[in-house]
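One chain, chain A, links the two complexes that follow: it is found with chain B in the first and with chain C in the second.
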Partner chain A sequence: MLNSVSSLRSPSCTTSHIGLPVLLVCAALVLPLFNAVFPPGHPLHLSLFVVNLVGQIMCFALLALALDFVWGLLGVLSLGHGIFFGIGGYVMGFHLLNAAYADTRVLPDFMQFMGWSTFPAALQPFAALPVAVLLGLLLAVFVGGVVGLAAFRSRINGVYFSIITQALTYALMLLLFNNDLGLGGNNGLTGFTLLAGFHLAHESTQVALASLSAVVLAGVFVLLRGLAVSGFGQAMVAVRDDEARLRFLGFRTDRIKLAAWCLSAAVAALAGMLYVPQVGIINPGIVSPTLSVEIAVWVAIGGRGTLTGAVLGAVVLSCLKFWLSAEIPSAWPFVLAGITLLITVALQHGLWGGLQKLRIWKAAS
Partner chain B sequence: MKSLFEPLRGTARWRRWFQHLMLACLCGPLLQAQAAMPAQERSSIVASICTDPGAYRGALDRIVQAVVGTSSADAAWGKTLLERLQAVAVICRAQGAPVFKVDHGVVDAATLEPVTEAVDELPMVPTLVLARLLKTSQAEIELFSPDVLVRRAAAQRMSQAYAQINEPLVRLALSKAADPEVIATLELALAKRSLASGSVEVRVEAIRAMGKAPSESTRSLLQKYQEDRPDMSAGERAALTQSLSQIDRALEVGKAASIFFSGLSYAGVLLITALGLSIVFGLLGVINLAHGEFIMIGAYATYVVEKWLQAHAPGWFDAYVFLAIPFAFLVCALIGIVLEMTIIRHLYKRPLETLLATWAVSIALIKLVQILFGSQNVEFITPSFLQGGVQLYPGFFVTWNRVFAIALGLVIFATAYALIRQTRFGLLIRATTQRRDTARALGIPAPSIDRLAFGLGSGLAGLAGVVLTQIASVNPSMGTSFVIDAFMVVVLGGAGSLVGTAVSSLVLGEVNQLIEPFHGAVAAKVAVLLLIVLIIQRRPQGLFALKTRG
Partner chain C sequence: MSQTTALYINGLNVRFGGFAAITDLTLEIRYGETRALIGPNGAGKTTLMDVITGKTRPNSGEVFLDRTLDLSTRGEAEIARSGIGRKFQKPSVFEALPVAQNLELAVRRGLGWGEMVMSRLSVAQRERIEEVLVTIGLQEERQRKAAELSHGQKQWLEIGMLLVAEPKVLLLDEPVAGMTEAESERTIELIASLRSPARAIVVVEHDMEFVDRVADLVSVLHEGQLLGEGSMQAVRTNPKVIQVYLGR
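Up next, the complex of A and B:
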């Protein structure tokens, strides 16, 4: 039986866990190199489109990492990680609106439709990038903290927790769709021009963002991995495997859960912040219940509890999605459903778990 | 005698019935003329339009009567005439009968027979007066259209042009109308007409009448009247004050009743949806994210039954709702059982993975239905016995489709309750829910019970789909939004508890409808969520938790 406790400790796997961040840092270096050094038309040239795609996929992988941290290690399945992704995305959107307004002195379209003549004071605190990033993380931790506190204190777990987080996602989406909220309603926030003084429309900015996403992903991976093999990580796994026993042993399991949960929320918000400048828009679709379930599907397909699996799942599924949605759009839901069913029913440990099994089996023979 | 008639005259409702009776007597002979209008009469109508501007009104009224009446030949002729007049294609000849210009030549205005002789005169261009009258006549005809949206638009036109409406005709339309909006609009049109009357007595009478038929529109009309006429007589003023307070009082009661009723109907649908979910969750610990898609499949099964009956047995068309009940149940139960056998069965030890697997099934089902039926809303023709409703109290209109939802919810709940409580199958389900291992040790075939219970749950979702066809729009993604509310019902009520499901459906249905009209759908959802989180702090397993041992 291969479970994540053994995989955390088995030396054969540690190398590959160092391998992933190294791979990501390499990718971060290769992206600008191949984009700038090789001229367009050269077979090794990476177009802006591809670079942008890689950057987005890095953000999805970060999101999957956040979910795997709480689902795989803590056993808490959130169907609402889109909430934190959305919080990060919207906060970054606020900042970018500020920057665009300072640049062009033209109010965003939706504010003009609302009949506002000045930039709203409520959005002005987000004008400085470091402050905005900090506020975004704090907001995600705060929201996560409130939800987590309410849920973990009263020992809501298992599918109950999943369902409640899904309902929260749905409520937030409805809220954001509301035009009166002043966040652009259906159309969301768009019309961004500048980020930290760089023009978002410039190719170099987008390449830098994609590289940054890869580096952040690598950094967060190392951080979470370090936590996972620490005493805290072992406590998380213990909560997952037998929470009651751990509680009887005198551990405050609700605090362990809350801490891990809030950290996960912050990581998801970070993913949202990196994602928005790369796609140039944020709208309520980002907090649709469907996207939140899809994150869990990435993790399940990659293999949960290993962190590497989550990244693998997000990358494979996102690539497949981008490719299939372009080639045969109507086939995508069936393919996604098929893979999900296959993995959940037949391949419990996901792609990564399957690969590991194969390796152990080979080493033994 | 006096005591016998007093209550009859006392209430507005009886008065309306009485008016309808009188109208039926008055208009009956006029509209029940079975034989078609003779050709001379048709010619004389066309001729009077051609020659005499003063006779427009009378001629148009006769045309409208022809169209609204029972003779289909006359109706077709009247429609053609109006349409030709508007299309500037009626030629009044100096010599001979008037004719219509049509695509392939010229036809006689009375008989619609082709005319052989050459016609070189120009068609008549309607004057502004005639054009306006034509519009009104068109609206009068549309008051009797089978399409409720057309009827509503026509009633609006009547209300705008209240000074020139044909009162007996409007009263006739009113007596036949079932749609609350049409009724309100037409009543308003009649009252407006009387308010503009020159005689004080008529006006006071109209004000009093409006006070006895309270609605939002009459209220705003009376207020406007009050503002427009600062110099009204004392009698009018007294009647106005009395009517306004009467309306306000009635409207408040009606509004409260309406909110309660719509909460009740929402609760009915929630109940049917959540019942299946609750049985499955209580028994298997499995949340079926594809439950919403079973609702959708149930609705599409109803659609298939409707289309089949339309094609093969139009006489039985109205029965499609009832035929769809067993059909939708069986289709959904069958799909549910297949799903259990192929997928769910392998995941019983891993409830979180079941969420993902059933989600995968749900997106595949949505796409499949999109490919088969298209992603647009499918249209349902409401059976005649579910159309319209009855006004129980001013401002409180009970529509039959919502009554149907409540009644079906109750019947299905009672059936499910009896099934679980009284039958052997129910006993086995309860035993397996409460102590799976002991039940198995006693020889209960738990896997088949699981399968059948899953089928039952899916079938119940299909029934919710049947009800929803009558009160919500049906499209491939209809289940997604609906099922989250159903999950909340299960979380609040406690999994596996039928009574808990019923109580929490009622609570959530009412809370939702209580908040939605005032603060919007988002606030309603958030309030429900907060309520649940608060209750769950005290009772983590829901209001009516079952005591189980795994």
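Up next, the complex of A and C:
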């Protein structure tokens, strides 16, 4: 953990930290460029599947970034970031239902099954996209704020906090499974057609969404890194290393934790909002405890406390998962378990920490 | 209480379940003095520090800073900001941060969000950090991570983190525990240099030679009560003190 923070400030790796957002922005430009230049059928014309994959992975990386901000830097392990991802996703779902209804004038299937004849008034505030995005972020910050306020003020730390967040995820999933809630039960929300006037089924829309996800990831990365190297980041690291010491120096550590926590919740919600139009569905599976634990695994394997490591972990593991689940589906759990064990034993600072060591070793020899 | 009273503890009682950690303790500490708190384990020394700094709430009694500011109802951060700095028994520094950043962090307390994120330190704040680095003898180590410091250097750094905030009352819990002879000597000089008419220093320590050299007055605690108070010489010859503590 110590090394991971030293790499935050050591000048040797500043370039690579600028490198990641630059890389992401390039990817965001390359995607549409390739598909504009090369005609469909050309090997370099990326299929909708690949474009979608890239976009989804960007969302996962954003999610990992959100978790690393609070786990790696603040020392607060959340096993419930799926809650905020889900909040963002469902809110985007509400908006897309509105847009689809305005487009087709047909009520979504699940509403018809419930015997409803009109579009529910409760979902109408989400009709305008900017309002929906704002409401999604606010809702995530509000839920995060309530959980954080209660936990941090009562000084619930460490594994107890993690268990509470895990339990909350499970509770929210059970709630969403409930058909009477009017959010589609276990089928979730689907049947989306339009986003901001663009057809979701069109390749160009999906390319744009994947590019947007990469740009948002780059922007959030720059923002969070800026915070990490500021005085606020110093205070976060100090909370992680010795919260009592910081409190007795005169800091309201509960407020520092709450602010970082709420920001992380908002980032996770943003990831959910970008994710849903790319996969075309949102269901309670997204707030299953499994996904929330998976995020922590991405961050742990990528390397905690550097933000870059989190993005790396999410990208590498997601690619591996997509590839293996298609090729040899039964192998994935074993491969994942193997990687986790290997990292724990051999690379305690994760993949990124390992790369840094390799670089230092190369520079020295 | 007089004009020079820094800390006034009156009729303090602290119980943990059925155990009386502190019973009817009254203590006055004045500006300009260095006071030692001694007593066997379980005498209530650390509990007293916990109460003063807001970590433990007393069952009854009052703790005043500057005769009027009641500390017993305030939170830890607020008490620290009102001018009480506490060094813990176990060296508590932020190991992942370099020495200079440990001190910077201590300067940043009480800042608003905007200042915390955006501002660079002012010239006065930078100068203060330099001054403290010299005082604690860690100028050469400023860029080293706190984790790489020796045990003694960590103790000095922790004292430095308190000093940048110019505390009125400095509470030092076993500052020389685990130190080498040379480090103890250096710490005695450091504590002597921190004396000021605008500051009260309270030291908890088991090392009697150390206490004799740094303290003006010694308060002996035993089972949560004040057993005796006076100069080291007077305390040494106090029969009650000899019986429970020094005579063993």
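Everything that follows uses one rule, which is that the second predicted complex is superposed on the first by the 362 of 365 C-alpha atoms of A that agree within 3 Å, B and C clash if a C-alpha of one lies under 4 Å from a C-alpha of the other, contacts with A are read in each partner's own complex, and residues count from 1 in each chain.
As a convention for this text, a contact is a pair of C-beta atoms (placed from the backbone, for glycine too) under 8 Å apart; a residue touches a chain by one contact, two chains touch by 3 or more.
In this text the structure is predicted, and so the values were computed from the model without any measurement.
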Taking the superposition as given, does A:158 touch the first partner, chain B, the second, chain C, both, or neither? first
Contacts for A:168 in the overlay, against chain B (first) and chain C (second): which applies, first, second, both or neither? first
Based on the superposed arrangement, let me know which partner A:224 touches: chain B (first), chain C (second), both, or neither? neither
Considering only touches as defined above, state whether A:311 meets chain B (first), chain C (second), both or neither. neither
For A:269, decide between first (touching chain B), second (touching chain C), both and neither. neither
May I ask you to name which of chain B and chain C touches more residues of chain A? B
For A:70, select first, second, both or neither according to whether it touches chain B, chain C, the two together, or no partner. neither
Can A:241 be said to touch chain B (first), chain C (second), both, or neither? second
Interfacial residue positions of chain C with respect to chain A in the complex: 53, 55, 75-78, 80-81, 85-86, 88, 92-98, 101, 104-106, 108-111, 113, 115-119, 145, 147, 158, 161-162, 165
For chain A, which residues count as touching chain C in their complex? 1-2, 5-6, 9, 227, 230-232, 234-235, 237-238, 240-242, 244-253, 259
Give the list of chain A residues in touch with chain B in this complex. 71, 77, 79, 150-151, 153-156, 158-160, 162-164, 166-168, 170-171, 174-175, 178, 289-290, 293, 296-297, 300, 330, 333-334, 336-338, 340-341, 344-345, 348
In the complex with chain A, residue positions of chain B that touch it: 281, 285-287, 289, 343, 346-347, 350-357, 359-361, 363-364, 366-367, 371, 480-481, 484, 487-488, 491, 520-522, 525-526, 529, 532-533, 536-538, 540
